Every structure is written in structure tokens, then in C-alpha cells.
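Worksheet: the structure to be examined is printed underneath.
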Amino acid sequence: MATIKLDAKSPTGPIENRWEKHKFDLKLVNPANKRKFTIIVVGTGLAGGSAAASLAELGYNVKAFCIQDSPRRAHSIAAQGGINAAKNYQNDGDSIYRLFYDTVKGGDFRARESNVYRLAQVSTQIIDHCVAIGVPFAREYGGMLDNRSFGGAQVSRTFYARGQTGQQLLLGAYSSMMRQVQEKQVKLYHRREMLDLVLVDGVARGITVRNLTTGEIESHAGDAVVLATGGYGNVFFLSTNAKASNVTASWRCHKKGALFGNPCFTQIHPTCIPVSGDYQSKLTLMSESLRNDGRVWVPKNKGDQRPPSQIPDSERDYYLERIYPSFGNLVPRDVASRQAKFRVDEGRGVGTTGIAVYLDFRDAIQRLGKGVVAEKYGNLFQMYDKITGEDPYETPMRIYPAVHYTMGGLWVDYNLQSTVPGLHVLGEANFSDHGANRLGASALMQGLADGFFVIPYTIGHFLASTPLPKVDENHEAFRASKAEVTQRLSRLLGIKGGHTVDEFHRELGKLMWEYVGMSRTKEGLQKARGEIGKLRDRFWQEVRVAGEANFKNAELEKACRVADFLELGELMAQDAQERNESCGGHFREEYQTPENEAMRDDANYCHVAAWQYQQEGGRMQWTLHKEPLQFEYVKLSTRSYK
Amino acid sequence: MSHHCLTQTKIGKKYLVALTGLGLSLFVLMHMLGNLLILVSPEAYNKYGHALTSNPGIYLAEVGLVAILFVHLALAMKLTRENWKARPVGYAVVSSGEKATSLTTRSMWAQGILIFVFIIHHLITFKFGPHYEVEYGGVMMRDLHRLVIEVFQNPLYVAWYLVALFALAFHLSHGVKSSIQTLGIHHPRYFNKFKMAGILYSVLVGVGFMSQPLYVFLIYKG
Amino acid sequence: MGGASKSKLNLKLKLWRQKNAKDKGYFMDYDVKGISTEASFLEMLDVVNEELVKKGEEPVEFDHDCREGICGMCSLVINGNPHGPDGATTTCQLHMRRFKDGDSVTVEPFRAGAFPVVRDLVVDRSALDRVIQAGGFVSTATGTAQDANCLPVPKDKADRAFLAAACIGCGACVAACKNASASLFVGAKVAHLALLPQGEAEREKRALAMVHQMDAEGFGGCTNTGACAAACPKEISLEHIAILNREFLKASLLER
């Protein structure tokens, strides 16, 4: 395998001019030539949907692939709280620079300054565009857009549509894409799962997919591939991700040469509904926006079994307000999650399992009235009630952290291109903008920034500057890929062992949560690496995949995904073990301050860890490449939310 | 893109069903009010009938009514067929909870057929039935009152008449509010009021009509 | 509270099995034991499927994804009710505490000519996508927008537009309707964009195009039974169908 030189292609010069200058330096494809190019977009969530729409608007032919029965189901839809933008509509001191600053700091100084600044710059255009395509954001009585505040920021810059902001933005991007489907500029393939990336002369020229309805293995060729297939939180089995969210598309690209950046950076969201039993299939998030009005507490006394209403204020520990008086309940997610874990570890957890803390709206209801609280959070309260059978207007919610988002992902340069020429990666699937921790309401921002306002410029540069000989689905590379995928599926079906796919997935999830979860140790990670390897070997000998390959077969779909999670899990543990510091969502117990805060090691770890996959003698191996990070604007400092 | 013919669409057909339905609803109200004159006196009843039939405009009105009825019936039948086709396979278990569909709305087509059969029979019995005559103040006119009294002596006929009127009332109870909705009139503040008004209307028309055979059969002593 | 009243259920399940769109399909009975009342309905089906796989039988296919009531992927008609007996609920949010020990539960796919069965309980709802594709959008290209606050939208209108836009496209309205009508789905989209100034430019064109596509897909007509609104997990009201009716009437009368 060729050695890889990581070139981030970050522009230089004053940060506020970098994107502008870079755009000018990019080559263009003239309007008449755009229709000669076909771009494959895999994934149709916020990033993929917006990319497909805007690329088609420019005149490119787009083939869009979606794993569900409709692009409107992508998991972006479940984002509740909102989307950040540096509009400063509230006149409270916000600016592009401040959003940039907050995001770099929130990410604990492990993101590229140039990327983050660009993200903050285009954030304002995102709001303009989304309003123009009919997204019904919350408004004030005067008709202007409303904002709320979110974790990790001291300004109100979050635009929202009740607790369904992700849904409204996704449907906006979806509608724009569907307009292009009608214009025949986008060809939509639904119920397709990408199972391989096809390279021709080292350039990404197509994909191999399984038609999930018929089971047929299909080849699709194009001039560039845009991957927007989301994050890999489901490696933990239990996460807030949708059931179909998986790493397979990214992982197949990784195995074809795309480097994986910061795989261990996982976000554990502090406010999720706790696990209730073994049958549990997923976890449900309660929007971070609830922390605007809800107060987090546990009883001061260990093992206090009284119902929450009978515990007087003097015997409650509002621990976030106590420890972080200036940010209070609105500290960033990693901080809030860890503190909840500490309380539970101390034995002060609540509920029948003792693995939860309270999020209490009693005071907000007294202050604002039930009506106002219902207006703001009604659908979230209803969701909680449905799942738990408890009414949050009457009794505090029980919450506990859960895996929610993965900041890591395929390594990309400033153009969002991976180390495989032609393969561009957007949204949660790339590693780019959030560093070691993502701030609330920034995922929607990044997905739409990548799709609407970055890729339309940068992909043109790739197409205009790369020789792309005509390639179609009959090319040898496509046939080889198809054969490989088919063989892999029959191998899975042929094992016929005694354990279900979910049993392996659950077991992997337990290992990941125990050793590669909220807090990690060197020994634990070492153990995880060994155990995951053993589990993977057992999987390939003992799994039972029901059914056949030639029809709709959910068990086979899951088996392919879990097989890849079993490899990814090991890499995550290795990355976490390699990073001998704590930063953002990555917390190594060996590296903490006396107050249990994350302790970074900027001298040795101020870099992106980009892992190259290699197969050596039948064993998987990874080589670490480092992209050093420079901070010219935001001074490296210890995060403090006190 | 040009569509033009409103009735090519299911919504377009439904508008016409709604409009004709509302027209027919008004007609049955007027008809019912006229019938109530039987409670006043034979003379009033017959004079009212005579005033209607001796007006030359009656032919126009009759043609109009038949046309409205025909449009209502034909489009409703066409829509019903299209709607059945849209759901070729039904459910093994029929919902019984808050998500259930009421029997009234499910059987609108059957009520419609029953009402149509009744109308034909009704016309044969009365409009084209035995022609008795009576004289008031020197004017000869049809003695419809006598015919009505005769017909409603038959308990079977009364029963059939009542069944048909129940069907009409049910048809109206859904039809009136449904027509208003179809025409696009809906406001959350008035929605329930319209709904109530539709039900009241159907009760009013139904009870009003039923009063006649019941009065004749049970109370009227000649 | 806090799941203190956990208990176990035994159920008699009757599940629809069908190999593909052409297969006739049939009901199969399953005895399910020891299901926790805290589990969701889909988690109950997961348990059934794991047992089937272990027995070497083919598991039941059903659609699902987010499992938190927002993606609209889950479907199922449970004892005659789309998304189960409760209002404002998707199947994935339905929990087993809603059932009693020994209950018989019949599960069928969404039934509509426009939703052909893919396999077992999975149906193809892409007809809804094609209706949106016909006109459920605002034709504003990326990059052309003015500042978001240039055009004020009264709060009540924005709120109403939001309520309409809350539709998750699950198709329960179609499944519930005896005519398999998609009027509520289409009405919600037409109303959402008709209420906002951004949707004004294409208002008439949109209503016409979406209604014609809805008919072309083979959805039935609305007979105002209200079953759709009762089944809608997002409580989208019948008012949206009235809005659709008047938008379409106006557009078709004024069409040139």
C-alpha cells in the first residue's frame, strides 16, 4: 500500500478570508460541462440530501442512494433541539468569530481552525436558505425568527422548530432534492445499502449496493462519490441512533484506502431515557434544550429511596449548578455526562436501577406556567410519557447519558475529500469540524453546511482537475467488487451457527460501553481490543443468519453491519489507547485534574489521529498518521465552564 | 401542465357530490316542511300541493331536481367504485376503538341506494298514484291528502317508509357536514358547531318526515 | 413509578406472512411468552424474531428505524388500528403495558392499492414520495436566499405551518382510510406551504400537481370519515383536508 501524506489543504492567511480565497482558487466546471458528470451521493440525510439537491441545481447528474424506503426517514430527522447560526438576531454579542471560538473550545481544541471558521461563516446562509425553502422555524410575535440558548454557549443563537428541528430541516432538504428528482436531475434509489466502494486507477468511480427489496447486488458508476452515511454510534448496540444507522459504507471505504480520523471520539449525550431491560433495542434522547429550563439533581444522601417530590430542596444536590456556577445546567455534553456518571458511581443514582439522575421541571412550571412549558417542550414530555409511562409535568424525568454522536469519521481535507481521490465525505460520516466534542445544535449546522455550501464548490475543483476516463458498470473493477460482495453475503449465510446477529451485537455493545465508553483506561482498552477480536472470530463461526440473499432480509442486513462494527470497535479501542490524554468526549481516567476534569496533553496529542487500514498475513492492522493541528486564533487553554 | 376538467380528479367529483348533496338537502327540508301541513288540515295540505303543481315553473324545477339527483348519484357511484379499487384488500380485524370508522360513513353508498329505491317507489305511489280530486272554493285540485291517508293505513308501507327515512337521516347526518368540509369550509372554532348543525339538520328533517306516517297511522281518525 | 410495576405478558400473536408482492399471503399464529410490559411493541417483535431465528425459521419482516416516533418508517395495523390502539402514537412508541396478559393481537400490513406489500409486514410507500416530488417543495435554488428576517411571518401562521409540516409521512392516514385516500398527507403539505409567504409563488401549481399525482398513484378519494386524523401519530387535523380542497378548487377554477 502506498504511503500516505496527509495534506489538509487548509488555506492560509487571515482566517476570515480563507474560505473566500479558497473558493476563488478552486477550479470551476463550466455550466455546459456539468451535465457530462455523474455524481453518486450515498445517504440522503441532511448532508446527503442537501448535497444531492444543490449539485443537481448546478446541473450535475446525481444518483442518490438511500437505505430506507424514503429519503425523508434519514436519522437527521430525530435531531430535536435546533441549529446554530451566528446571526446575532438577539443582539446579545454573537458573531461568526464567537461561534467559531465556542466550537473550537467546545471541541476541546482537536478540530481544524480553518474548517470551523468556514462552518461558522456559512451558518448564516443556512438559515437564510432553509427559511426560503419553507422550513417553519419558531417565530416571535413580530414575525421574526426566535432563538434559544444551548449548551456550551452564552448567547442565544439556536434556531428551532419546537422539538423537531431536525425533522423540519431534513424535510426541507428532502423537498429540494425531490424537486430535482422531478426535474430528472437526481435519480433516486431507495432501499439500497452500499456494500463496497469501487476504485478504478485509484480513483473512486462507483459503488456496489444491495437492493434491499429484491436482494440483487447492483453496480453504479459515476465520476465522483459523495458519502454522507452518518455516524457509527450503533457500534455500542444501544445508542440514540436509528436502527439502520451503521458504519458499513464508511468502513468499506476505509478498507479501500480512506483513512479513519479520530475513531475514538464519541459523544455521550447527557439527557437520554435510561435503559429499562434486556430487551431494550435503542435509547431515546431528550433534547438538550430541556436543560434550559430543567434542573439536574440527585439526592444528597446515598440510596435515598423517597419519591422525588418528598425530597426537600435542602436534601437535593443540583450538582451542575454547584460545580459550574456560570454555565450551570448548560455545560457542554461531555461535562454533563461525566458528572452524571460520577453521581451514579457514588451511589446517588435514582430510579429502580439506580442508574439515572433527575431532570426536574418543577421550578420552570412554577415560574412560567404549565402552558409555556408545554409550548416549548410538549412533544418531548409526551415522548417521555409514552416510553416510561410517567408524566414529567408531575414527576421529574429520569435521565442518563447515552451514546449519541460520533465526532470521528473518515478523514477529509478542507475540500471534504478523503484520502481516496474522488471520495468526498460529508456530515457525521467525516471527522472534520467538531474536534473531541460536538456542541449542541451543531450537527445540523455541519450537515447542511457541507451539503449546501461546501461540496458544490469543492467537487467542481476535483472534477475539473482530475482526468476521468469513461468508466461504466462493465468495468472489471465493478465485476470484481460485485463478486466479492456476493461471496461475503453467502459466507455469512453459510455459517449457520447457534447465535443471532443481535446477540453478538449486544455483546459487542457491552464491551464498548464498559471499556470504550464514558471513561476509559489503558488496561480496559487493551482488554477490549483482545475481547473484540475474539468476539469477531466467534461471530464468523457461530452466527446464524436466517433467510436467503435474494429477498428482503433484515437479518442479513444486520449481519453485514455487525461484521463491520466488530472491526471498527477494535480500531476505536486502539485509537483511545493511543491517545494518552483526556479531551472532550474522550476521557482517560489516568489523565484528569483533581476536580475530575479532562486533562489534555497539547505537547503530544494536538493532532488528528488518522488510521490507515492494512491487511497483513490475514490479520487486520492499522498504521497511525498524524495531522498536526495549529491554533493561530483560539489560544490553547484549559476549558472551564465554571 | 394543464388539467382543466375539474371532474377528472376525485376531489373535483367530490365537490359536485357535495354541491348537489347540499341542494338535495335543502329540497328535503322544503319537502318536509310542506308535509307538516297535514297536521294543519286537509285543505291546507291540498292547496299547498296545488299551488306547487299548478305553477308552470314546476317542470323546470322537476327537471333540475332530477338532474341534481342524477349527478349526485352517478358521481357518488363512480367515486365509490374508485375508492373500493384504491383499497383492494381489507383488514381481517376491524378497528373498534377511537380509530374506528363509523358505520354511518362506511355505509353511505348503501344508504344512497336505499334512498334512491325509495324515491322511485315514493314517486310511483304518490306522484303517479291514483288521482283523487277535491274542490275548494270552486277550484278543482288533486286530493293528495286522501291518498296519503289511504297509503299510510298499511303497516308494511309505514315500516318501509320509516326505514327509508332513517337511512335519509343518517345520510344527511354525515352528508351535510361532509359537504361543508369538502367545499373547504373548516375552522377549528366552528368545526364542532357545523358538525352539530349537520346532526340537528338530519334529526329535524328525519323527525319531520316521520311525523307524517306516524300521525296518520297512529293518531289521525279521519 | 420508575418501572416499579414491571410484569410479564403472554400473548397470542397472529402475524401476516407474505413472501412478496405477488404472493397471496396468510396469517401465522405465534405464542409469545414472558414479554416485559416495559418493552415496546417492536421490541416484542424483536424477541419473537430472535426465537424464530434460533429455531431455524424465517423471521418476520417489518419496517422500523428511529424507534422514537419521528422517522415515520414503522407501520403495522394492530388489531385493526394503524400504529395500534392509542392516539398520537407510532407503533414504535406503543408499549406493551398497553396490553393484558393473554391478549390476542393481530398484526397486518398497511393496506392500500398504492402500498404494495414488499414482504410480510413491509409495504412500499414510495407513492408518497412521488406525490411530494410533484409539487411539495419551494423552488428556491441554494444560494439565492435573502436574509431570513427580511420576510416576517406572523407567529400564528408559522405555528400552523409547523403543525402541518409535522407530518412524518408514515402513511397511517392512508392505512386507516376505508378509501386508502392520501388527502390528509397531501393536505398537510399543501397547507404547510400555503400558510407561508415562501410558498406563495407556486401555490396554485403545487395544489394542482399534487392532487393529480395523488390520483395517478391510485389513492382513493376523501369521504370525510375522519379515520385519518384519528390514526395520525402527529395529530394532523381534518382542517388540512379542507385547506387542500379550497386550494385545489381555487387553483383549478383560475387555471389558464
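Order of writing sets the chain letters: A, B and C. Residues in each chain are counted from 1.
Just so it is clear, contacts are C-beta pairs under 8 Å (C-beta built on N, C-alpha and C of every residue); 3 or more make two chains touch, one makes a residue touch a chain.
Worth saying up front: this structure is predicted, and the values here are computed from it rather than measured.
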item	value
Between the pairs A-C and B-C, the one where more C-beta pairs touch	A-C
Central chain (by mean CA position)	C
Computed distance of Cα centres, chain B from chain A, in Å	62
Chain centre separation (chain A, chain C; CA means) in Å	26
Centre distance in Å when chain B and chain C are each reduced to the mean of their C-alpha atoms	37
Contacting residues of chain A [partner chain C, same complex]	50, 53-54, 57, 68-75, 77-78, 87, 89, 125, 127-134, 136-145, 161-162, 164, 166-168, 171, 174-176, 178-179, 181-182, 188, 190, 213, 240, 242-244, 276-277, 279-282, 284-285, 307, 350-352, 382-383, 386-390, 395, 398, 452-453, 456, 498, 500, 502-503, 544, 546-547, 551-555
Interfacial residue positions of chain B with respect to chain C in the complex	1-4, 6, 8-15, 79, 82-102, 105-106, 108, 174, 177-178, 181-188, 191
Residue ranges of chain C in contact with chain B within the complex	27, 77, 79-82, 85, 87, 106, 108, 111-114, 176-181, 183, 205, 208-209, 211-212, 215, 218-227, 230-231, 237-239, 241-249, 252-253, 255
Footprint of chain A on chain C - complex, ascending	1-4, 6, 19-20, 35-36, 38-40, 42-44, 46-47, 49-50, 52-54, 56-59, 61, 63-73, 88-89, 93, 95, 97, 118-119, 122, 124-126, 128-129, 132-134, 136-149, 151-155, 158-159, 161-162, 165-166, 168-169, 192-193, 196, 198-199
